Amino acid sequence: MPERGLVKKHTVRAFDQELARLARHVTEMGALVERQVALAVRALVERDEEAAATVIGRDDAVDELEEAIDQEAIRILATRQPVAIDLRMVAMALKISNDLERTSDYAVNIAKRARRLAEQPQLKPFVTIPRMAEICQRMVKEVLDAYVERDPDKAMAAWHRDDEVDQLYTSLFRELLTYILEDPRTTGTCIDLMFVAKNLERIGDHATNIAEKVHYIVHGDLINRMRKTEA
Amino acid sequence: MSETGLPTTDGRRLIAAARRRDLLFAGIGLAVLFVATAVLLALVLDLVITGAPHIDLDFLTSYPSRRASRAGILPAWVGTGLVMLVTAALAIPFGIAAGLYLEEYAPRNRVTDVIEINITNLAGVPSIIYGLLALGVFVYGFRLGETILVAGMVLALLVLPVIVVATREALRSIPREVREAAFALGADKWQTVSMYLLPAARPGILTGIIVALARAIGETAPLVTIGALTFIAFLPPPPITAQPPFVSFEWLGSPFTVLPIQMFNWISRPQAAFHELAAAAGVVLLVMTLAMNGLAIYIRYRARRLLG
Amino acid sequence: MTLAAPLPAEPAPPSARPDEARPAEIRAKAAVEDLSFWYGPKQVLFSISMPVAEGCVTALIGPSGCGKSTFLRCFNRMHDLYPGNRYAGRILLEPEGIDIIGPKTDPMVPRMRIGMVFQKPNPFPKSIYENVAAGLRIRGVRSRTVLDAQVEKSLRRAALWEEVKDRLHASAHTLSGGQQQRLCIARALAPEPELLLLDEPTSALDPIATAHIEELIDELSRRYTIVVVTHNMQQAARISRFTAFFHLGRLIEFGPTEEVFTRPRETMTQDYITGRFG
């Protein structure tokens, strides 16, 4: 039974308030993580040291938010025994916060690598990585919007973009391999770039996870298996 | 009173006023109880003091006589006993059966409503009317004569409504859940009634029987009307005989007297000695009533214990 | 070169697959077809159709006055006890497919094959033994040995035997509320019914007694088909395999409990179970 837009209020108002607070925290965490990813990419592409520092410094705040969301969700489970849509929403809040926390971790990794790369001469103008980064950023933004709006179609649109990310990752991987073969002195830089690309690819995966959770909240069916058959 | 019109909460005054009210009511209740009990006790005590000295074996085994010193109540208490036997034998089964039918089997319609109203009315009909009815229908109509049988029948008619109502009330007070449980187990009507309803209604029915028989034992007017003798010098034939079949019903057809009538007879005489004998007979009647009630109460107590 | 440590053994294949929890085939013990019911002139059940799965617990939920108890009582025709009621439609009892409320069916038949336990424990004012034996005596069983054996079996099945075996002839009213309810369950089980109807069996009990009864229901469901009316949704979710949601005399939704409580099809169902009703 699809659940869109505003739903009726609970007879016990406090329950509505708790659910709303939980959703708000997830949204806030999402906004924060979105910013983390954007800053990390800027740190890399524009060699912005300040951006990198900000990303690394903010990770604690992200972890705290995840803990808070977990506690809140467990409290609601214990005291309200939610069912149906409420249960789906609370259970997925737990999982989404996890995906967001991992995304922030990857953003931190990117920021750290970006710092190291900034100390070295640039290999060549970035093309693929910014492209990957842009798609990943867009995915994260879209799935979080989809969460707020309870819009599974938007989530699915973002979900499909992951293919492009994977393809870009594969091609970049090959490209970097050729650089290493051509000039072994560039190995360090290339490996850093590979890790950055890997982190972006993982960010994309987590965004698709969130998309699946949004779909589950609204429709009530899990689409994990879909992914495997489509791959 | 405060501005809003509600009483200000002056706890102490309210409590004191409430306590006074309670005390007043308790006091009045106690006084009434005391007065009633005292009067009753005085009457009974007077009866016992006057009559007890006269109760001895001779008194209990002698026939009435014109001489007070030789008068006894033998035929009277035997008569009372036998009449009560017939009354109980008729009123109890018919009363319970009628109550059972009306409560459990009869359809609920206008006719049964009318019957229900009138049963309670019957209990209020003056007992002498029953006597007249019995005289016309039983004594002359059926030609049964002025016998113990008729006495038992008229008293049974008199107290039947009491038992019917008591039975119905007892059945009605059985919670719905017991009936539903029996029904759900697959019991049919009769099984439900016999295995579950009647046993549960026993205390109530027994109470009704006690009340009914206690009323019957003291009735005088209907028995006088149907021709109970006031002076009787013989006993009805015994129910147990020496010859086969060892049980006789001849006594049902016998003339008789009962204790209340004997008492009335003696009270009507001018001699004070007979008045004392009447008191003695009264004590015996009291003892018989209490004994009967005691038996029924005991049975009811046992039944109640099983019901928990 | 050998590995420093041997590989951990291959994990055993997962045994708890949801699909294997129950046998694949679930038969219907009863089927309700287009059932309607009137208390006198007032219609209280409207065209209800649903199956009752064999060997499972089916829960009936819904707000007060929705007709779930009324519906339950149609199965054993409890309504016949009071005048002026009318049925329409069919309730088919398997395996013969006889229509419980059909005009040609002897009304005693469903009551002989179906047992009921009520909301407030209602043991007869008799001994524990006589309570359990009641159903058997009604069916004409007189043999002391048979009665003794069946009474013990039923009390064991109702998880009450150990507590009362030494005082079988004590009055049923000496038992606690929870024990009395288990006694009523034993009483219903003694005649070996095919279908067990429970009308809010724990609403008059404290949480511990409730838990005992729920455990009992769980065990009984292996052997009997059970239909439970409950106003406690968490209980319905805990104990049942299938759930039916009623509202104002209509069946709004019927389905596996898991689905009804995680993704119900109807908005009204969701509103009710999440507490958005009224």
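We just call them A, B and C in the order they show up, numbering each chain from 1.
The definition used in the following text is that a contact is a pair of C-beta atoms (placed from the backbone, for glycine too) under 8 Å apart; a residue touches a chain by one contact, two chains touch by 3 or more.
As the structure is a prediction and not an experimental result, all values here were calculated from the model.
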item: Those chains which touch chain B and also touch chain A; value: C
item: Chain at the geometric heart of the assembly (C-alpha centres); value: C
item: Chains linked by the largest number of contacting C-beta pairs; value: B-C
item: Centre-of-Cα separation between chain B and chain A, whole angstrom; value: 92
item: Where chain B and chain C are represented by their mean Cα positions, the distance between them in whole Å; value: 50
item: Touching two or more other chains - residue numbers and ranges from chain C; value: none
item: Chain C contact footprint on chain A (complex, rising order); value: 1, 3, 7-12, 15, 81-88, 219-221
item: In the complex, chain C residues that touch chain A; value: 233-234, 237, 261-267, 269-271, 273-278
item: For the chain B and chain C complex, residues of the former touching the latter; value: 108, 175, 177-188, 191, 195-196, 199-200, 306-308
item: Complex contact set, residues of chain C against chain B; value: 76, 78, 81, 83, 108, 111-112, 115-116, 118, 120, 122-126, 134-135, 137-139, 171-174, 184, 187-188, 191
